[in-house]
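Here the chain labels run A, B, C, D, E and F in written order, and each chain numbers its own residues starting at 1.
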Amino acid sequence: MKSRIVVMILILLACTLSGIGADEISSAITLHQDSFDMIWLLVAGSLVFFMQAGFAMVEIGLTRAKNAGNIIMKNLMDFCAGSLMFWMFGWALMYGESVNGLFGFSQFFIGGNDMVLFRNWMFQVVFAATAATIVSGAMAERTKFSAYLIYSIFISALIYPISGHWIWGGGWLSRIGFFDFAGSTVVHSVGGWASLVGTMALGPRIGKYVSQGSVVTSKPILGHNLPLACLGVFILWFGWYGFNPGSTLSGTDPTMALVATTTTLSASAGAIGAMIVSWIKFKNPDVSMSLNGALAGLVGITASTAVVSPLSAIIIGLISGFIVVFSIEFIDKILHIDDPVGAISVHGICGVWGTLAVGLFGNTTHIKGLFFGGGFKQLGIQFLGVVTVGVWVMATTGILFAIIKKSHGLRVSKHEELAGLDLAEHSTESYSGFQIFTNM
Amino acid sequence: MKSRIVVMILILLACTLSGIGADEISSAITLHQDSFDMIWLLVAGSLVFFMQAGFAMVEIGLTRAKNAGNIIMKNLMDFCAGSLMFWMFGWALMYGESVNGLFGFSQFFIGGNDMVLFRNWMFQVVFAATAATIVSGAMAERTKFSAYLIYSIFISALIYPISGHWIWGGGWLSRIGFFDFAGSTVVHSVGGWASLVGTMALGPRIGKYVSQGSVVTSKPILGHNLPLACLGVFILWFGWYGFNPGSTLSGTDPTMALVATTTTLSASAGAIGAMIVSWIKFKNPDVSMSLNGALAGLVGITASTAVVSPLSAIIIGLISGFIVVFSIEFIDKILHIDDPVGAISVHGICGVWGTLAVGLFGNTTHIKGLFFGGGFKQLGIQFLGVVTVGVWVMATTGILFAIIKKSHGLRVSKHEELAGLDLAEHSTESYSGFQIFTNM
Amino acid sequence: MKSRIVVMILILLACTLSGIGADEISSAITLHQDSFDMIWLLVAGSLVFFMQAGFAMVEIGLTRAKNAGNIIMKNLMDFCAGSLMFWMFGWALMYGESVNGLFGFSQFFIGGNDMVLFRNWMFQVVFAATAATIVSGAMAERTKFSAYLIYSIFISALIYPISGHWIWGGGWLSRIGFFDFAGSTVVHSVGGWASLVGTMALGPRIGKYVSQGSVVTSKPILGHNLPLACLGVFILWFGWYGFNPGSTLSGTDPTMALVATTTTLSASAGAIGAMIVSWIKFKNPDVSMSLNGALAGLVGITASTAVVSPLSAIIIGLISGFIVVFSIEFIDKILHIDDPVGAISVHGICGVWGTLAVGLFGNTTHIKGLFFGGGFKQLGIQFLGVVTVGVWVMATTGILFAIIKKSHGLRVSKHEELAGLDLAEHSTESYSGFQIFTNM
Amino acid sequence: MKLIVAYIQPEKLNDVKQELYRREIFKISVSNSLGCGQQKGYKKVYRGVDIEVNLLKKVRIEIAVNDAFVEPTIEAILDGAQTSVIGDGKIFVLPIEQCIRIRNRENGPQAIG
Amino acid sequence: MKLIVAYIQPEKLNDVKQELYRREIFKISVSNSLGCGQQKGYKKVYRGVDIEVNLLKKVRIEIAVNDAFVEPTIEAILDGAQTSVIGDGKIFVLPIEQCIRIRNRENGPQAIG
Amino acid sequence: MKLIVAYIQPEKLNDVKQELYRREIFKISVSNSLGCGQQKGYKKVYRGVDIEVNLLKKVRIEIAVNDAFVEPTIEAILDGAQTSVIGDGKIFVLPIEQCIRIRNRENGPQAIG
């Protein structure tokens, strides 16, 4: 008995001398673990938030001066409306208790005292906003602002959260092994598909396609501010260091270093890839294509960033850069779909490619792609995910845009479009005083 | 005796086996605790620093092209002069040993080896700079640059630190329970009141108010670059994720998640609120008002961000958005005070509203607002703080601007104002080569 | 025997009660230590990455509208090509196993599973890119894009890594005690010297120097977008909070607070210094000079930021601000070297000054400068480093540019230069629709 | 020789150019201008304050032609720019006394084309 | 019919417009221009290098009027733009041979207003 | 009095100004313009789509002179702007009926300088 007491005293003593008790040690360590996750996700989330500025700048830069204010409003409001929606419904449908793996259903109107819940909501809302805002670029220069607001509400409250649930919320796709680390499909493809449906529902901008007899020629409508587009791309890339590494969801998971590395290399390769293709095809290293290429590389690596090697990342990025140029040309010149900033190609097509790349280049214990001895299994699952999410988004946004078109109107009048949405919808000018010469 | 030795050996063994001693554990944990705070405050401080860019862009965007370079200089120099001042005097007056709760008085010209002191200085200097720079927007397009420099020095060295001491430095307001989490009053109202006094001392820009008989009409003077204004707002919002969550002052306080959440929701609601009001009042969803609305929501939530629920945050933000539009109109059309960027309304009025909101919506053990059963007590204290800080700032800046006006001159000549401050004060053009059509 | 068992049970019990074993404690603490470093370096690295946007904006702003797209391409591509090069060779030559202290030689084509390696690569690649991109500003408005690409590849793959190895990779300079905390020499001087050689190899822009008889007059070629230049400077300054504090290379080294403080103060003093000099010399507080001054202060403090007091930092910054104005004038008016953005002065000259400042103002146990009783020893070593790195960079870039000039051509044709590189090299316009009046 | 100065709606420039091409008039100079005519401008609201915008954006074109081309040029402009809505613009014809091609110092009617 | 071309100081445009309105002259076209006259420009310093700015910003207005309105128009411009300081600008009167309203192809003096 | 209107290549403006100064012609107004002449423009590619740029950037200058100065002014422009390459531009001479200096309401030939 005596020795026990001695031991206890000794332990207490040892602990006291070192100024800290075993309990305190343990709770300090738990606190620290939590704090890593907390800080990491908040910092990463802030970076992802900043991507809103990047999207705004890219879209402003690649469209005409007379619509810049409208683009500002759309980018601002899809975040603002979207964040309220995601607080009310989105989170609940995405991360609430799963109903048969199809959608979540709890934690509507988030409140209470659970700081981990708030942290996770904060990190997720900025992803939801990213998916929503992708569309604003594709539908730029001709969409009614109020119609866009309605769309924003539905994508953030309903469409994005449900397919998100399938993959990140514990839903059916995640259960069968679908892997999308940071959202090539969850975020980017969703935005891309919605863009595709939106632009098709809208039709092209006036003057974009000129038909002479049966021949339709695509006319260029130049962006008015490349420096802002460049700034936007750098902001997006910067924000991607929150988007991808933050998606470890843990502040102590060292994989974040691999993620940052593959993200950097793929983006670089994407820009180079797009530059090379444009140089060969158009005889000039094209500025806006190279900028799109960097984004393509970023979208392309997003799904697989944590499970591929640096070399694979470079290949994935390079291919993304190739794809984006061909895709932009194909969509414009063959399909005659008018996507002013290339959102369908960058987010949609490269999102698909990135998702499939997991099944090709994945090389960890759990994820083994085709090229690393994993056979077609993962690739097949990835393909299934791509298709089902595509169908889901196209179906729902198809219905949504059809209803808006019928009931409210989706597009401004010809006169408003020619005058510019800034004047027509917001009675403002974005560059007051500047002489801007436009006959377009 | 023997068992004691055995015990000690065992403990040592256990510790050695795990490669780390009790002492080392304890010191590692202390180091880690400190490191969380260090990293958190430095990262947050950097984000707050970046807000300088946001202010510069917003102010440039909402004023005329001919004064852009002057705004750059003012925003750059109020930080640069301010940081030297805050190093010399500001910190000492704000956080030095308190003299009767009225002002601090120690640690002038910070030096030595105390890293925690440097860390805290770094985090605080960016807040001081924020307060200072708010004024540059309100006084834009007509203030003498040298006069503005003098003002900058005094606000950073004297005016801001002293009211700051009352609230954050352990001064009398904090002692009676005044609560301002991240600075609705400490930072924003101070800037707002100084703006009010400054614009009144200056008078309106030429051409802003036209009087015909007894009727004074307010004329619009359009901002020249909405994309930059938009970028500025996004940068400010991004920086606010350092401003508010960083104000936990601790890297392990999980409240930061609530703070980030309420900040996001209030900003969103603010933008929406301002958009709705402008849509109803002006028939159009106004771009620059919506941008101001986001800022209003951010300022409005700043005091109470850690002590209110998400729902309260939305309400606070929405009301901030309403207030800002009405306030801008009132100040312009009724008071005929010319505030080009709306700084008085955004920072002053919404700063007051945000401070009072603590007394209405606060809902923690310590802070209980009127709506959550706390009665009028907290509200009364908040009101007292608002009034005393307002009186302090208006009195001191009133004297300051009066002296500058008498001795040095506060405003450029009519000719210089018409030519633009870029040419008149800095002999430069901000957009060389661009054709800018101005008869204003 | 019995007591031993008791003791062991007790310890186990104590540990179990507190929910964590000694082993787990130890591994948790190791994990946490690693996580601090990981998070710190990734966040800091992202900030440094963002400096690319800052460089792009500064260079765009200070040059003519007709070359903005070309500058975008150069800034984008030197990062993209550079990061692939640094992945292939740069890292290996800089941080691989040292061959006689002259260069590293291992870890080419980084791969594998070492997360610490990836982390370090990520942090270092952004520094390499910074050194590379400095040159794009100095060589702006007349360099062939393809020639610039070749240069980019060599500086990132070879030139920067080797001198970098001498100082940061365990090479000979570090062994004799040369100290460069965050890269005044390693990064900035390298960029500065390369800029000097590059501009000399290129010659001035058409119209920059007009000779009448033996008198050569320097003509101004105005930058076209000061707001973007201002934004760029703020982005760079913001990024510098990753550049300098991140260079502790440890997330638990509290010195980062001193670093952030001295960085802030030196930048502020630099801007003020340049403003004062320009005010006296040119009668006006010059905007672009003050912006350059802030950068000068940042470059100037970079080497010594962790080993000097705040007061010393202010002095270093102030002198940097003085130097930069005189240096820009000297290089332009006396040497007739055409450096559109002042890169040689800001990065080269102030980089040298900053490196020497370690030997003057250094004041820690290990680094003692002349003014703090350390005698001339440290200063001498610093001087040696400055000279050898200068010789290395000028020799190698000299050869490089000479070969490019001979074989491929370094400069666009007169016609292309007059038309602008955007049209000539990328067949684009950066500000489509804007009326830009230029006869330059 | 005459100088034909016309103010047209910006979005009509392409049509006018096409009509001119059809009539083999290839020389033209274009600049932008703010105009005030029968079309009275419009009101908008900036931050709650009314703005009267009474200077509308127009395109100003100048075409120098020999006398025989005056009619076709005017026809072309009318065909390209007329929408019969207020704001369509005006055409002014001014006399030119001399015309010189800078390239080869050619003078007179043959220099104009 | 005459075309009155005037160069004025930018800040005088509003005054000139008001004077024109008072005389019921509502049609006007405005563009910006850089001018060099007796007002000799100024020097400034950019990054330490002297710039001679000898092209100053001016506003160019064009008003086409019937002969009876020439005098009032000139009066209006003078009243609105004169400050008696160097740089006030110039008025030139040019003959117009034809004037056509694009909207309705109306030709001649009645088309001008 | 004549109004000399010339379209020149933008990079030639400085040379033209210098030639004018040498002949003591100091008054000039300059604006920018897009022009289409014998120089046929060029093609470029934007995001894979062909653009025909057939409006090239030109500088438009206006110089009002007394009749005696017409020749020297034309000479100066020719000397400054001629490169003998397509795109050099054109000079048009228009009659001026009146010229008024706003500053002092001076009228006629002496107002022009």
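FYI, contacts are C-beta pairs under 8 Å (C-beta built on N, C-alpha and C of every residue); 3 or more make two chains touch, one makes a residue touch a chain.
Please read these numbers as outputs of a predicted model, since none were measured by experiment.
The chain pair C-F and the chain pair B-D differ in C-beta contact count, and the higher one is B-D. With each centre defined as the average position of its C-alpha atoms, the distance from chain B to chain E rounds to 47 Å. In this assembly, the C-alpha centroid of chain C lies 52 Å from the C-alpha centroid of chain E. For the pair chain A and chain C, the distance between C-alpha centroids works out to 31 Å. Residues of chain B in contact with at least two other chains: 3, 7, 11, 25, 29, 32, 39, 43, 222, 225, 231, 282-284, 286, 288, 427-428, 431, 434-438.
Across the assembly, chain D contributes residues 31-32, 34, 44-46, 94-95 that each touch 2 or more other chains.
Interfaces, counted as pairs of touching chains, are A-B, A-C, A-D, A-F, B-C, B-D, B-E, C-E, C-F, D-E, D-F, E-F. Per the touch definition, chain F reaches chain D in the complex via residues 2, 5-8, 31-38, 55, 58, 60, 70, 74, 77-78, 81-95.
The residues of chain A lying in touch with chain D in their complex are 418, 423, 427-428, 435-440. Those residues of chain B that touch chain C in the shared complex are 2-3, 6-7, 10-11, 14-15, 17-20, 25, 28-29, 31-32, 34-35, 38-39, 42-43, 45-46, 49-50, 52-53, 56-57, 60, 68-69, 72-73, 75-77, 79-81, 83-84, 87, 109-111, 115-116, 118-119, 121-122, 125, 145, 225, 228, 231, 422, 425-435. Of all residues in chain B, those touching chain A in their complex are 3-4, 7-8, 11, 22-23, 25-26, 29, 32-33, 36, 39-40, 43, 47, 64-65, 222-227, 230-231, 233-235, 237-238, 241-242, 245, 251-252, 254-258, 260-261, 264-265, 267-269, 271-272, 275, 282-288, 290-291, 294, 309-311, 314, 431, 434-438. Of all residues in chain E, only 10-14, 31-32, 44-46, 59 touch chain B in the complex they form.
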